[in-house]
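Shared between the two complexes below is subunit A, which pairs with subunit B and subunit C, respectively.
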Partner chain A sequence: MDFKTGIIGSGTSVGGDVDLLIAGGGPAALAAALYAARYGIDHVVIESYQPGGQAALTALIENYPGIMEIAGGDLAEKMKEQAEKWGGVFRMETVTSTTSREEDLVEVKTDSAVYNAKYLIIATGAAPAKLGVPGEDKFYGRGVSYCATCDAPFFKNKRVMVVGGGDSAVKESLHLADFASHLTVVHRRNKFRAEPYLGKKLLSCDNCDVMWNTTVKSIEGGDGVEAVVLNTPDGETRVEVDGVFVYVGRRPSTEPFRELVDLNPDGTVKTVNVVHTSRKNVLAAGDVTDNELRQVVTAVADGARAAAAVFDLMQQEGDV
Partner chain B sequence: MPLLSESDANEVRKIFGVLVKDVYVKVFTQKLECPTCRDTEAILKELDDLSQKLHVKFYNFQTDREEAEKNGVEMVPAIVVSDGTHSRVKFYGTPSGYEFSSLLTVMVDMGGKDEPLSGETLEFLDGLDEKLKIRVFVTPTCPHCPSAAVLASRMARYSENVESEVIEANEFPELSMKYGVQGVPRTVINDRFYVEGALPESMLVAALREALKDDPPGEKNLMDYIHT
Partner chain C sequence: MAVKHIRGSEIASVTSPEGKLALVDFSAVWCAPCKMLDPVLKKVSDELGDKVDFFHVDVDESPEASSRFGIRGVPTMVIFHNGQEIDRLVGFRDKNSLKKHLENLVDSKLA
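Take a look at the complex of A and B:
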């Protein structure tokens, strides 16, 4: 049994002036907070939920160097504790919009306050992409899920479908296979994009099968999910399942920064030299950027670089 | 062997350092047919030792019927957290994983000196002219659950018109089934409104303001009351 000791922030923020605002609370933001705190930069981390981001949504991380294996939530909690030990400041709020003000201040509005920040690190990561098929929204929470660690226990001895073929689809399938009576993985290509090791493991799973070159047409049911209609190379077919877990990619969470910095057509923040954006006092880190490879190890590296870049700029300005 | 590791216990001790008022906790368990009651008792005993401000009392759900009924406890394990004057804030199930952080937060709210809700929320609660029963279904492995669990508990802590129940869905499969829970967090209000996922405080209040004016024939999603 494990016990998470993070305390949930209050809704009584006052906002105000701050040297550095870090938007988001996933691995990238947690690393940025650790470095900013150690640099002695006046800062605040603004995260909608418990810190951890997508990393907290996976039961097993085994490719973060130095740690053999760990639950994502535990890794995130350790990162937060480490940042707090050095003076990291966290608030539970949601960034709703950002605007550039005179003297290069960034005005950051949240659901409960307004901040004026000299520097901003955008580390809001990404959220699961939807399939965009009929039934998906209707059955969200009623059999359609985007979080296997959260919801797997509801599908003990039930028939489950996973849609996707990347790292998270395959890794979460392995987690779900321990609960489900039968697991069907539906992938639109003819091979996995996931690490070969993960793919092999899934293909050798006893209660799993994979439907290649197949896409989802719709999700059907009554009170809950009952079946998924698929387009397969042999035509349309209906597979009866009790749950559908969707892992078909991610949407960068950049809506509040649309007016502030240049974005790519896919919605990610356009970066130069890894963490710099179209605006000098705005940095970006992790899955929210267009940097290759979206993992915990790259997110924390970006976060550290972004905080270091802020420290450099502040030194140039004589702010620290 | 204690359930809390040495480092977790130290962390909790530090967190409880902010308690300025006494916090009263009633734990209801039973000996038979409750596989998780023992762990719940054990963890609450350990918590009790970590702060002078915390006063934990244990009751047997079968033999202390009167106390259970007085507190509106309907299943076990149950944890009722209060300042000694009410029993509006309840947790059902073992407080492990992320549910532990919800429980800790609610204890800190109860005994801390600051009001955790925003002025806007307090105004809404002050104006409430009907009773709200908020059930939040959670699992210990769900990182977004504490936000929803804590928000409901905070509203119940503040307002005499609100009652909250945070329910560990795995431990109460029948109730979860009854409410069609297949994903968490799921918040159900007065069996009339529900919402999937954790809404920010301001959004939940805005949705509730609209929803309570409405009298839908069946269950209705709170998201339908959010105009963007």
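Take a look at the complex of A and C:
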């Protein structure tokens, strides 16, 4: 089997043999692609789910070193352009399953091709977690949203609720506050988990209030969201709002890799030394891993480490 | 096949194609998932164009239509049969899941 010829076609999805397959399209995958391309590794990036990942849905990123502030989508586009400039190869397909019939080879099936990869980097990221309350699914797209960057303009001068207290919840609340007539943040704890700077900024927002130690019981409405029923320390209460934005964590997108590598009970990939998994030729990077800090800056660092680890392994095997 | 850009006022005239379904994608230029969905729609329209007509509506260009259809998030794909809404999908869909979803609707409505 000749892994050096790189038989991945340009244009149509043909699958085939490849040294490195990078699954995912977010910052971790894009950084892995950049480094793999610069190392001269024969590779392909399968942009499953949302290219740009969660970062592309972030209104404003202002903690990426060297860049004062940038829209998440713009940063993701620049990362992809940079990877392509160095020879990054991208395919828009969805990974559906992975197996390893041979110890040193991973078979990756997508919705339109089959690849045999000598190395795999799992960087499929995570999708927003749901609240799991009545009304959430019914009103999705009719007032319930998981993407303030996408949907905030629909709530100009309207009453909006954000559920959550982490970085994403607080950042996107600040974005939504510019549109909404009033913003209520509902958080199950008595303080934010977000960066203190972000929390202070939200607490000083004129048209915002925060309901601490409060959880959502249900979302109600007719054609669209009209109210949210909350469990507060003082009992149940109903708050009339036009929109509910949910930021209560993320679900790792690891289903296609369930049989390939060891996962944690929460679905994240078990890692050792940041990017190594239970299988020597499979690495993992970014939000899909069990590494605690989930930021763009840590995702790109993971991606770079994973590509470098592949390069080291290839050198050990005499493949480069 | 291609995804045709239309204004909101044209929706009624394009959602009753003979023997086909119609999909109207409400999207916006500032929406990242909408940009991601564009190539997916193009691919699916290439493969299902004989059974489904595909259209884009810009929510900023056609705010009245967005309001009329209760659009509160983008991208939202509204699917029509004989001029009546039969389904809607909110958010990004990969090619495989969108194609399967439409094929199921085609089977149930056009069989």
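Heads up, the rule we're going with is that the second predicted complex is superposed on the first by the 305 of 320 C-alpha atoms of A that agree within 3 Å, B and C clash if a C-alpha of one lies under 4 Å from a C-alpha of the other, contacts with A are read in each partner's own complex, and residues count from 1 in each chain.
Definition applied: contacts are C-beta pairs under 8 Å (C-beta built on N, C-alpha and C of every residue); 3 or more make two chains touch, one makes a residue touch a chain.
Please read these numbers as outputs of a predicted model, since none were measured by experiment.
A.B. asks: So, does A:D223 touch the first partner subunit B, the second partner subunit C, both, or neither?
C.D. replies: Touch partners of A:D223: subunit B and subunit C.
A.B. asks: One more residue to check, A:T94. First (subunit B), second (subunit C), both or neither?
C.D. replies: both
A.B. asks: Who does A:G143 touch here: subunit B (first), subunit C (second), both, or neither?
C.D. replies: It touches subunit B and subunit C both.
A.B. asks: Of the two partners subunit B and subunit C, which one touches more residues belonging to subunit A?
C.D. replies: Greater contact footprint in residues on subunit A: B.
A.B. asks: Is A:A59 touching anything from subunit B or subunit C once the two structures are fitted on A? First, second, both or neither.
C.D. replies: Only subunit B; A:A59 stays clear of subunit C.
A.B. asks: Jot down the residues of subunit A that show up as touching in both complexes, subunit B in one and subunit C in the other.
C.D. replies: On subunit A, the residues that contact subunit B in one structure and subunit C in the other are 48-50, 52, 56-57, 73, 76, 92-94, 111-112, 140-143, 145, 147, 149-151, 153-155, 223-224, 243.
A.B. asks: Give every residue of subunit C touching subunit A within the complex, in rising order.
C.D. replies: Those residues of subunit C that touch subunit A are 28, 30-36, 39-40, 43, 59, 66, 70-76, 88, 90-92, 94-97.
A.B. asks: What residues of subunit A sit close enough to touch subunit B in their complex?
C.D. replies: Per the touch definition, subunit A meets subunit B at residues 1-8, 10-12, 48-50, 52, 56-57, 59, 73, 76, 81, 92-94, 111-112, 140-145, 147, 149-151, 153-155, 223-224, 243.
A.B. asks: Hey, which residues of subunit B end up touching subunit A in the complex?
C.D. replies: Interface residues on subunit B, with respect to subunit A: 3-4, 8, 11-12, 15, 39, 43, 94, 96-98, 100-102, 104-105, 108, 114-119, 121, 139, 141-147, 150, 169-170, 176, 180-184, 186, 196-198, 200-203.
A.B. asks: Please output the residues of subunit A touching subunit C within their complex, sorted ascending.
C.D. replies: Per the touch definition, subunit A meets subunit C at residues 48-52, 56-57, 72-73, 76, 92-94, 96, 111-112, 140-143, 145-147, 149-151, 153-155, 223-224, 243.
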